[in-house]
Each structure stands twice: as C-alpha cells, then as structure tokens.
Amino acid sequence: MQNFQTVLGQCVKHKTALGYGALSLLAAGGEQLFSQVVFQCPCNAWSFSYSLVSMLVPALVLLLLGFLLNSRTWRLLTGCCAPFPGRSSRRCRLRVLGLLAAGASVAPFTWIAVALLNAAYYECLVTGEQPLAPPWLRTRLCLDRGEACMGDLHRMPCESGEEAQQVIRYLRAESQVLGWILIASVMSFALVCTCINHCRSPVSYLQIKFWKIYMEKEKEMFEAKAKEHAAKLAERNVHSFFECAKPEPFQTPGNREWHQIS
Amino acid sequence: MQNFQTVLGQCVKHKTALGYGALSLLAAGGEQLFSQVVFQCPCNAWSFSYSLVSMLVPALVLLLLGFLLNSRTWRLLTGCCAPFPGRSSRRCRLRVLGLLAAGASVAPFTWIAVALLNAAYYECLVTGEQPLAPPWLRTRLCLDRGEACMGDLHRMPCESGEEAQQVIRYLRAESQVLGWILIASVMSFALVCTCINHCRSPVSYLQIKFWKIYMEKEKEMFEAKAKEHAAKLAERNVHSFFECAKPEPFQTPGNREWHQIS
Amino acid sequence: MQNFQTVLGQCVKHKTALGYGALSLLAAGGEQLFSQVVFQCPCNAWSFSYSLVSMLVPALVLLLLGFLLNSRTWRLLTGCCAPFPGRSSRRCRLRVLGLLAAGASVAPFTWIAVALLNAAYYECLVTGEQPLAPPWLRTRLCLDRGEACMGDLHRMPCESGEEAQQVIRYLRAESQVLGWILIASVMSFALVCTCINHCRSPVSYLQIKFWKIYMEKEKEMFEAKAKEHAAKLAERNVHSFFECAKPEPFQTPGNREWHQIS
C-alpha cells in the first residue's frame, strides 16, 4: 500500500509531463482512427485542397481547444481591457502567453507529425493538381516516366499498378522524412527554450520548487476560505430574505483588492 | 483514496467542459448510428428534400431539447410577460439569452458537422433534383461527361460503376471540406466571443471564481431554507384546517420581494 | 504478504537499475512496433537517406526526451547564467553533466542496437544509392555477380528472387554482427567508467552508501518542511485578504540562503 502511494505520488508530481504525454497519445490515436475512417483520397483535381484541409484544420481545432480549455488563458485575459493600468508588466504577460501557446501547440504538432508519418495525406496532397503550389512539386515525380505520367498522377493513390506503387513508395519515404525532421526540430527547439529559460532564472532550483508548492497550497487555501466566506454571505442573505429583516452589515473585500491579488 | 478524491474534484471543477464534451460525443455517436441504421438515399426525385430533412430536423430537435432541458431558460422566461417593468435591464437579458443559445447549439452543430464529415447526406442532397437550389450545384458535376450524366445523376449514390464512383469521391471530398470549414469557423467564433467577453470584464479572474462559488452556495442555502419555510407554512395551514381554528399570522415574503431576487 | 513486502522493498532499492531496464524494454518494443508499422523501404534512390533518418532521428528524439524529463538537468542549469560565482566548481559540474548524458543515452543506444539486430533498416541503408558514403560499401556486394547487379541493388529489399535473397541474407548477418559489437562495446565502456569512478573515490563504499541514504532522507525532510512552511505562509496571506487586515510579519529565507543550499 505504501509503495502504491509512492507510485501515485510520483504520478501527481510529474502530472504535467504525464498530461502532455497522454494528450499526444490521444492526438496520435485520433489521427490514426481518423485517417482510417474518414480520410479517403478523392483522386481528382480536389486532392490537393482536400488533403490540406484534412491535415491542417483538425490541427487548428486542437490548437483552439488547447486555448479554450486552459484556465490560464482566462486568468490572463480577464479584465485586460479594463482600466487598471498597474496590474502586471507587458513583459511578464508575453511570457505567460508564450507558455500558453507552447502548451496548446503540443497536440496540433503531434497531429501533423503523425499525419506525415502516416503518409496517406501527403501522397494525396502532392499528386493532386495545385494552382497555388510551385510546379516542381509534381514534375519531379515524372522526370523519367514519359508524357502520360503527368496526366495520370492524380489517379495514382487509388491505383495499384507497378508505376503507381513506385511513385507512392517515393512519396511515402519523403513524407516520413519530413515528419521526422519536424519532430526533431520541434523537440530541439523546446529543449533549447527550456534550457535558456532555466539558465537565466535568478532564483535557485530549490526555491522554484518551494514556490510551486506554495502556489498550490495558496490555491487550495483560497478555495477553502472562499467557500467558507461564500457560505456565510449566502446564509445571511437568504436568512434576511425569508425573515423580511434587513441584512446585517458584512465585511467583504472590494474590487480594487481583488484586482491586486489576481 | 486521496488521489482518487483529487481526480473526482478535478472532474467536478471542469464539469461544464466535460458536459459539453460528453454531449458532443453523444451527438456524434448518434449521428453515426442514425446514418447507418435509418438513413438510406432513395436515389430518385425525393433525394434532395429527404436528405435536407434528415440532416436539419434532428439538429432542430437537439436545439429545442437544449433549450427545454436548461433550467436557465425557465428562470429567464418566467414572468417576463407580467407587468413588473423594473426587473432587469434589456441588455442583461439579451446577454443571458446569448449564453443560452450558445449552450443549446453545441449539440446541433456537432450533428451537422459529423453529418458533413460522414458525407452520406451531402452525396444524396446534391445529386437529387432541386427546384429551389441554384442549377450550377448539379451541372458542375457533369461538365465533361456527356448528355446522359445529368439524367443519371440522382441514381449515382446507389450505383457502383466507375463514373458514379468518381462523382461520389468528388462529392465526399467537398462534403468533408465543408464540414471542416464549419467546425473551424464555429470554434474560432466561440473563442473570439469568449475572449472578448472575458477581456471586457470589469472584475478580476479570482473574483469571478469567488462569485461562482457564492452563487452555488446561495442556491443550496435557498433550497434548504425554502424547504424549511414551506414545511412550517404547510404545517400551520393543515393544522388550522383540522382544528377548525383560524390560522395564526405567518410572515412570508410578498410577490414583489420574490420578483426582486429572481 | 511478508515476502511480497520484501520483493517490493528490493524493487525500491534497485529502482535505478529497474528504471533503466524498463526504459530499454520500452525502447526495444517501440522499435519493433515502429519497424513493423511505419518503416517501409522505398527501394529507390531515397533508400539511404530514408533509412538513416528513420534510424537516427528517433534515437535523437529519445536522447532529447531523456534530458527534458530528468529533473537533474534543471537542477544543474537553473541560474547557471546568474551572477553567483562561488556556487560549485566547473569540474563538479562536468561530472554531473557526464552522469546526465550517460543516463539519457540508455534509450537511444537500445533503439540503435535493436534496429541493427532487426536488420530491416540496414538492408535498406546499404542498398540505396549513397553520394556521401564510400563506394566500397555497395561494390563489395556485387563482386562476383556481373554487371546488372549494381543497377538492381536498390530494388533488392522489395524483391524475392534467389540472388536478392542471397544479398539480403548477407546484409542481415552483417547488421546483426554490428549490433552485437555495439552492445558489447557500450557495456564494456560503461563498466570500465564505473570501475574507474569507484576506484578513484576518496571515501569508502559504506560511506557512499550512507551519503546516499542521507541525501534521500534530506530530500524527504526538505519536502515535508517546505510543504508545512508554504501552508503556513498561504494561510496567513489568504486570511489577511478576506479579513481585510494587514498581514503579520513572517520569517522566510532570503535569496542568498536559497542559493547556498542548492
């Protein structure tokens, strides 16, 4: 039992890392499910737009969800247009915004990386006709394959001939290499950023740890105290309503004080 | 046990988000079940009307259910036709109505989005004859396919020939792109609205949190007190009836006071 | 029950060794899953780059993850650019960095070793065209097979003819030999390093054991005390906020003291 407690305690301690891990796994699993069930290359002139939308819009939706469900977004935004100038410096806010964006972009990056490793989207994307993309994206696939190749290109993901398989194998390799490059560069960037962030910190490692414990405790205490305070206030108000008596005066913090502690 | 408590506490804390998530999942699952079991394209002149009704009426039903099952609807509506002019400002009411509509439209939007991603409805919708819709919706499908194409169009969702499959693949891609665009725009709109709402708030984040706790406590207290008060009143009335005695005077709040606290 | 406790106690005692073992098993399992599901030799000019990226980038990602998730990295880095010159000697830091790197490179080495034992990557790597690699890597495979061999080489991992099978068998054996040599040399190097490290230690074995126990105890004590201190401080602050009273003075360690104990 003691050891089980230790394991659970470790989980709670590393809950940020575990949370991001679970999120990534969910995004990866969702992508796999999605590409199996919903995605189906149309193999015509729509291929390009369709693949682009199928790959990028879910990532955008995950990004928006990441912002929507994070309570720190609202703590940062609430009242930021109100005229309380001396709340917190512009630099501190940008920092918090950066942290928010980093947290929210874990799931979209996982989605795009898994989509590239999966390669179904990329095959469909490159073989479709693309008025916006540079022409060499398609022409390089038909360099030594004769005239008919360019016309048949958009039909290849749905065919199973030898030539189509060669092109598809080539595109699959390219897609996976792109996916790995994306993963490696995002991870390196994250590591370098965290390193610089920690390295420039003016306080020591143990002090940061202490302040994290303190902030958690303060949050707990605040909630407990707020519940107690609210219960008292509510009882007074309801009581005075049913008894038709005038409410007694009650001491509660003002607007300015709330702003200072936020 | 402590950790299990923590997990449950987190669930209760995020109950709004979890509730909407569960609602969306239910709507999506229901749509899938429905399109598998009930929906079957008739492949004749009825196709258009049938698909439109099958797609929009369930969404409408979900919307009405959303309004019906939300207790805030009734709090807002009760007595709003009665002549108590000074209850609450018109602006505050519009705000509450907006929140209500936003909450009630989560399920219908999920339904329509999943229906578009599923593409079965859209295929049937576009290939059917449509006296109301613009003619280019159908003609663009037969641009380079000869004269017979237009006549066969409404039979395509039930056929498995090469030409029918090409048209169906095209329509499926179009439907999914439309679905993703709908999802992305609704989510962006929701995020922007919530941002503006929070940003223009005159009170701080922690104060909003405190008032939420307070309102919950007040609701609890009010129910407890109302039960107690009602029990006393009922006892007095029943007692005085059986004893054929005149009821003692009892202090209870008047109509005007009830209106003020609503 | 007694025996179960003993087993669990042993597990906790050897948790470092068990942790690295579990990590290695996970890396090996992931590699197997990955090479089955995602990796597919393109059998064209891309073979070489594709295999190299598929083999090395996951190892790099595992290395970066190893650094990111290890709390010792952050203890070492935090505040190392800040102007507190007399914290710890450069030599001691290099030592800690070495230990970190050793711990973080367990998973990547397992990945590469399992990839070499698996041989799918190596077959694809050697048979692909390689502008950067020395030419004898490919030519030795076709020494007594005639002219056509060199041209067909990159298609061999996808073929099942007798000649292709001979070359593939040869490459598979080579890959596994390389894998075993890698495993043996890394393990020998680790053993020699640990030996030298222990041998040059100025304190005795039991003293090191005692200091390990002491450090664990100190960490536990510090955490318990920090929680208590944080709880007191939080209670004081929250209390003074709701009562609108001025907070009492509270004794807490300064920045310099935190730095000295880190």
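First chain written, first letter: the chains are A, B and C, and each begins at residue 1.
Simple rule for what comes next: a contact is a pair of C-beta atoms (placed from the backbone, for glycine too) under 8 Å apart; a residue touches a chain by one contact, two chains touch by 3 or more.
These numbers come from a predicted model, not from an experiment.
The chains other than subunit A, linked only through touching, come apart as B | C. Overlaying the C-alpha trace of subunit A on that of subunit B calls for a turn of 35°, given as a multiple of 5. Distance from per-chain Cα centroids to the pooled protein Cα centroid is smallest for A. With centres set at the average Cα position, the gap from subunit A to subunit B is 26 Å.
Centroids built from CA atoms put subunit C at 49 Å from subunit B. For subunit B, the set of residues touching two or more other chains is empty.
Contact residues of subunit C toward subunit A in the complex are 8, 11-12, 38, 40, 42-44, 46-47, 49-50, 53-54, 57-58, 60-61, 64-65, 67-69, 74-75, 77-82, 222-223, 226-227, 229-231, 233-235, 237-239, 241-244, 255, 258-259, 261-262. Residues 3, 6, 14, 17, 117, 166, 169-170, 172-174, 176-177, 180-181, 183-184, 187-188, 190-191, 194-195, 198-210, 213-214, 216-218, 220-222, 225-226, 229, 251, 253, 257, 261 of subunit A touch subunit C in their complex.
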